[in-house]
Amino acid sequence: MAVIVDFIVQAAQMLLVLLLAPLLTGFVRKVRARLLRRQGPPLIQPYRDLVRLMRKDVVLAENASWLFRVIPYLIFAATWVAASLVPTFRTGLLFSWSADLIAIIALLGSARFFLALAGLDVGTSFGGIGSSREVMIASLAEPAMIMIVFTLALIAGSTQLSAMAGFLASSAVGLRVSLALALLALIMVAIAENARIPIDNPATHLELTMVHEAMVLEYSGRHLALIDLTASLKLLLYVSLIACIFVPWGLAPPGADLFALASALAAYVGKLAIGGFLLALFETSIAKMRVFRVPEFLGAALMLGLLATLLLFVSRGL
Amino acid sequence: MRGLTFDVAHLLAGSLVLVSFLELYQDRLYALLNMFAVHALILALSVAWQAYVQDAPHLYVTATIALVFKVIIIPVALHRIIVRLGIHREIETVVGVGSAMLLGMGLVALSMVVMLRVTPSADPLAREDLAFALSVVLLGLLLMVTRRNAVSQVVGFMSLENGLVLAATGAKGMPLVVEISVAFSILIAFIVIGIFLFRIRERFDTVDLRALDHFRGEQ
Amino acid sequence: MNLPFDAVTAVLVIPALAAAVLAALPGYRVTATLNVIAALLTFVAAVSLFFGRPQPGRYLLVDDLNNVFIVLTTFVGFTTSVFSASYIGHELETGRLTPTFLRFYHAMYQVLMFAMNLALIANNTGVMWVAIELATLTTVLMVGIYRTHEALEAAWKYFILGSVGIALALFGTILVYMAARPVVGEGLDAMTWTVLVTRADAFDPALLDLAFVFLLLGYGTKVGLAPLHAWLPDAHSEGPTPISAVLSGLLLNVALYALLRFKMLLALNPAALAPGPLMVTMGLVSLVFAAFMLYRRRDIKRMFAYSSIEHVGIITFAFGMGGALANFAGLLHMTMHSLTKSAIFFAVGHIAQVKGTQRIADMGGLTETNPVLGWGLVLGVVAIAGLPPLGIFMSEFLVVTSTFARAPWLAIILVFGVLIGVAALFLRLNTIAFGEPRGATAKAKASYAPMFAHLALVFAAGIYLPPVLVDWFQNVARLLG
Amino acid sequence: MVLFALAWVAVLIATAAAAIMAGDSARGRDAIYGATLIASLTLLAIALLALLRLDDAPSEAVLPLGIPWLGAHFRLDALSAFFLAVVNLGAAAASLYALGYGRHETAQRRVLPFYPAFLAGMNLVVLADDAFTFLASWEFMSLSSWALVVAHHHVPDNVRAGYIYLIMASFGTLALLLTFGLLAGPDGGYAFADIRAEPRSPTLAAAILVLALIGTGSKAGIVPLHVWLPLAHPAAPSHVSALMSGVMTKVAVYGFVRIVFDLLGTPAWWWSIPVLALAGVTAVMGVLYALMQHDLKGLLAYHTVENIGIIFIGLGLALAFKAAGMAWAAALALTAGLLHVLNHSLFKSLLFFGAGAVQTATGERDMEHLGGLIHRMPQTSFVFLIGCAAISALPPLNGFVSEWLTFQAILLSPQLPSWGLKFLVPAVGALLALSAALAAACFVKAFGVTFLGRPRTPAAERAVETDPFSLAAMFAFAALCLIAGILPGFFIDALAPAVQDLAGDRMPVQSDVAWLSIVPIAASRSSYNGLLVFVFMCVSGGLAAFAIHRLASDRLRRAPPWDCGYPDASPATQYSASSFAQPIRRVFGSAVFRAREHVDMPRPGDLRAARLTVELRDLVWETLYAPIAGAVAFAADRLNHLQFLTIRQFLSLVVAALVLLLLVLAIWP
């Protein structure tokens, strides 16, 4: 019985993230537009785009390979799985133990790996630009992320997200320097990973500055739709990650009744809204940086993460 | 009698060393050859004396070999060579005669020191003899390395060998002395023949250098 | 026990007779075959010594120590004679040797065998000395046999340095006699090994020390220890290759054998200074020096001559270290080195004949042009570099491991020298054996049997040592203390 | 048991002997590779048997070979069995691959005899149970592989590579010789049993550790002893490259584990420090070198260096935990290391097979001349892609599992008592993470530039799919990569006996955990389930595909690439390997390689082509090896003067020696 409930919840979670993701993206766009004194597209615009793209036929470059066509599904699958393992409104998901935080990061890593390959497949110079910059960013963002995981895992004594959330929600944590550092680093990484300003601009098509958009330049139709969906999933994932780790309150424990679940859901949506708002605010208040300033930005993140870990290692010894 | 034997042997051996020094002192080939003849003569005498003292007749053979071979034949032969090669001029020494003498002194002192470490129990005659023989050997070597001229190097080698014979005869009742001295004479004969054969080899050095220059392909 | 014929005398008489006969006979084929037969007979006689030994006489002696040496000497002598048969044939065709000289060559070859066997069998320091001098003279003549400017040059150098060495060795011998005389009394006994060994503890230590210094330098010149090595490379590179093989493979061993005999005396005398440090020092000096000298060699035979110095250095080092393991290793290394190095010279001889030069720069890609020779050489170098599964690896393994625990720094120097040497050898091997073929690419009319026989033995020894051999080696190791 | 194994090794050796006869004939070649295939499969079976029967004692044997009074000892315990399995798994695949690859071999005479010998050597190393047998096999392995490296001796670089390889190998062997000298003691207790029994002083143990690290590290390719590796591995024929990179380096790891964990006894706390430091540096340096490569096989070889670093991180952690008495943690770290040994041997062999296929298809190793092969060689590119994903540690493949375990081990290290480690381990963890990320970048480059895009040369355009044997070998290993990735529990359990012997404890049994997931310490702490992730991805991906194709459009048009409206005719305008690496080079290169970019831009109107040249410097070589070579050359030159003295001068040397010795006598007390 309990298993069935868990299963249902898990399924619900998967659907939830899938459905909420474009909304979040739309919300961020809307807020940005408003902050820029613009009307901005309606909230549901992303859904419309997706549907439109789905309907269009795919225009494929002549020399695109089978891999090019498989990749959108691959990265979508990887990201979706990752997103569905992050506790959004309820901890102790059925399959949460099948992949801990490291594995989730690795899943995102594989998504990026294949996306970068897609950028190289058609053999255009812009795809190359995108991929090479993407992997450069990743090569710094991933270690930083791992360092953050170390910090959290050492505090919570587990790499399991549910366990982490549970531990951090409990009062045993108290305020910690390393937690603050980790949060800061995590935000920086999240910005980089989601190709937001100041690292990259999702709205730009100015060739020499784009990274993510350059990689997917050759995609169209349903493929492009999947990739966009994946992007918004990723954004959602990171926001909910930050939410469930640093503001774990309101998460429903396993075996909670429907009401608790409902309130938890509400809390989650609220968190998303706040997160999206802050992101938009940040993006509007800062200018995009040159590509080759990015390493310094991420290097800083890496250093912060390492510092946080070191602090923990040392403090454990005391 | 004991004292006398000792003194005579001592005298002869000592004078052998002295003559080695004189050889070291010479700067003309002829003179060097003559000096070597004297060297060999004294050796013959000392060997004969040893033969008499130890009443070991076979040593007389050695003495005669020394007399005939080294006092007469070899020097004459070498004279011939010198004339043939027309090198009866000054000997180029590597180090000056003076310093050569000094080195010689050092060597003699060294051999004395080394020898006197031998336990006193060993019979003094043998011991002294050995000390002198060692010095003669070393002086011979010194002569070989301080002279550039083939002939004088042969002379050095022969006086070295004289030292050996002295030691051998000094060693009381040592067998095979004759055979050994014969073997050595053959060796020396070879050397002299060698000098005859490769008369170009007035000096070892020049030959080596030229040879090294072209044939080995070593840089 | 009594044999049908006295093997000891046979080992001496056969070469002597053969020498006389060969000196008389004209005609290259006959003499060559006779040479081989004589060598074979000698070898057989030597092997028979393993099964029955006469009691040591006044002048002759066969014990575990020299028995191994004798068999090794006669065996390499035999294989070398086989090799020289084909080698010399080629020399005749190219006219580098005239029949007269050839007759002389074969006679001298047997004389050399005789001299070396005598030196090994002699039970008397004086006889041994005479024999070694005889061996030196013969090799001098054979080194100079090509009568080229360089050959005479090398022979002359060898001759002069050798004579001085001989003289020093004699002085040492005399000193030993004088040390022995007060104890064992005058006369022949004081020069007889069997007697000396029994009484060595009572000798005057100071005299023994002095004697050993002279013997080390005297016979060390023959062994080719630096800095007394000067004659060795030239003699190897200028003489006929069979002689190079014999020089490296045998004469060095004989001289070393003499040294070992005297070392035993000192080892037996508690008051005498230990010969070990001297030998260790000279061994290491030779090793490192030769290893560096290998780099700038352009003449292939001279290069391998230097490698001989290197290995003699290792052997001397091992014996200097002493102890059952190190001595065993030393003996093994000596045997393996003789076999390997002569095999290498067999290969090198034919290679030089094919290429018509000894300049390494003029040979290349041998494994392609003459696969058998080329791979033979590669195998030989691999063996001499001390790589498994060949015999030298085992001896080096034993030397290094047994040393390192006792004297770490010495072992490190040793390892350093070995590494430098290996690097140099393979540097040259690369150009000789691999890469684009260079130089003349004629097919070799060669007799590969001796080379591969040796290499096969070395290979077998590296994997499996027959217990009999091991027992002998261990006895000898114990004798050496 | 061990006797069976030895018998089959003997078969290998016999094959080597027979191979000399085989010559150039195709039938001979097939026979030889067939024989090696059978032999290695049998040995693999033996190894697995030995590994799976847990309780009974390891089987031993003594043959009357080697050192006479000692004999050759052989032993097949859990550790040997595991490495025997790794070796022969790789060997079997390589033999299968060679059945096809061998047809393109130009220098067959120089490959065929040494290949079985090489296999035999590696097998003997892991079976040996005394110092002599071990070292002899070790060096024999190096020797035979050297012969294979110089097989194509017409290429001067190969001969040079072989030379450096051989010298470094001898260096390593000599270091090990000293190691065993110390281990065995002056009276030569060479049998491993005696060595284990012997007690040691701490300083002695320290010396042994350092020497062992040098000796085995030079073969495994620890920075800075790695220089030979990227030269030698690519030079050999590809199936041999696969073996050298995938298997031989593991034999070196075996040597290290055997000496340090087994023979040397209980570790001291600081032992792990040099190991971890070197390992971390090795991991990052290796991948950075690889990123700068555009020779495909060279890139793979440098990645071997990186992975060796990862393996040694595991081993170092295990040492630290063992010294701290945390056996269970040591077990985890050691398992991680050993599992990565297996994984790396799988995907590295696979990748080298692929590189070999590319080379035979195009005759090119330089990625700058390749591209677009995915159209011409779809199957090869598919398995190569799997290899790339695996080595980049992407779930759900096997590379991720071992790195995940390593991370888990690192997360345990705060409980270590010593301060040095407290600072070192997190740093090493960061290095590990960095190298993992860079590896992914590097293999995006490797696969993207080689197989994707458009062909850069006619050779690449004319490429054809490779032969079935090669494909079979590659697919087999690709499948294994996946299996080891989704069912790691079984592999961990198989490792348990070896780990139990060495670490004194084992990881909890995995095979009975629910849903086949792996749980290093406790489910509450961390767990991973490759199978479920895999199924998840398949399902969700399939779901999406199905939904879209059903409910939305599945129409598709082909058109010229869009590329922001810049139609570029020439394939030369694609991103090349070096341009792909340029951003990363900007980040790391200037520090690590002193990278300099020289731009030669012609003035407007000047018809000259613009040139961008990049200058990289290998600092390890320049600071460590070049000086040594210079010193040797200098000494050789100086000493060489002694060759040309005159007789008189030589005589003076003799006299000097004599006088010197006499003086010694004179002043002797």
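Chains here go by letter, A, B, C and D, matching the order in which they are written, and residues are numbered from 1 within each.
Here, a contact is a pair of C-beta atoms (placed from the backbone, for glycine too) under 8 Å apart; a residue touches a chain by one contact, two chains touch by 3 or more.
The structure presented is a predicted model; accordingly, all values stated were derived computationally and were not measured.
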Ask   = Where the centre means the average of the CA atoms, what chain is farthest from chain A?
value = B
Interface ranked first by C-beta contact pairs = A-D
Task = Provide the C-alpha centroid distance between chain A and chain C, rounded to the nearest whole angstrom.
result = 78
Query = Where the CA atoms of chain A average out and where those of chain B average out, how many Å apart are those spots?
reply = 100
Remark   = dist(centroid_CA(chain A), centroid_CA(chain D)) in Å evaluates to 35
Query = Where the CA atoms of chain C average out and where those of chain D average out, how many Å apart are those spots?
reply = 44
Note = Where chain C touches two or more other chains at once, the residues are 156-157, 160, 164, 210, 296
Message = If I count partner chains per residue in chain B, which residues reach a count of at least 2?
response = 114, 117, 141, 144, 153, 204, 208, 218-219
Query = Each pair of chains that touch: what are they?
reply = A-D, B-C, B-D, C-D
Ask   = Quick one: in the complex, what on chain A touches chain D?
value = 14, 54-63, 65-67, 73-74, 76-78, 80-81, 84, 95, 97-100, 102-103, 106-107, 109-110, 112-113, 116-117, 119-129, 131-133, 135-136, 138-143, 146-147, 150, 153-154, 157-160, 163, 205, 207, 217-218, 221-222, 225-226, 291-292, 295, 302, 305-306, 309-310, 312-314, 316-317
Inquiry  = For a test of understanding, state which residues of chain D touch chain C in their complex under the given definition.
reply    = 64-69, 110, 131-132, 135-137, 139-140, 143, 150, 153-154, 156, 159-160, 162-163, 166-167, 170-171, 174, 177-178, 180-182, 184-188, 190, 632-633, 635-637, 639-640, 642-643, 645, 647, 650-651, 653-654, 656-658, 661-662, 665, 668
Task = State the interface residues of chain B toward chain D in the complex, per the touch definition above.
result = 94, 107, 110-111, 113-114, 117, 138, 141-142, 144-145, 148, 153, 204-205, 208-209, 212, 218-219
Residues on chain D engaged by chain B in the complex (per definition of touch) = 640, 643-648, 651-652, 654-655, 658-659, 662-663, 665-666
Query = Residues of chain C touching chain D in their complex?
reply = 156-157, 160-161, 164-165, 168, 209-210, 213-214, 216-217, 221, 227-228, 230-231, 233, 273, 278, 289, 292-293, 295-296, 323, 325, 365, 367-368, 382, 385, 387-389, 393-394, 396-398, 400-406, 411-412, 415, 418-420, 422-424, 426-427, 430, 434-436, 462-465, 467, 470
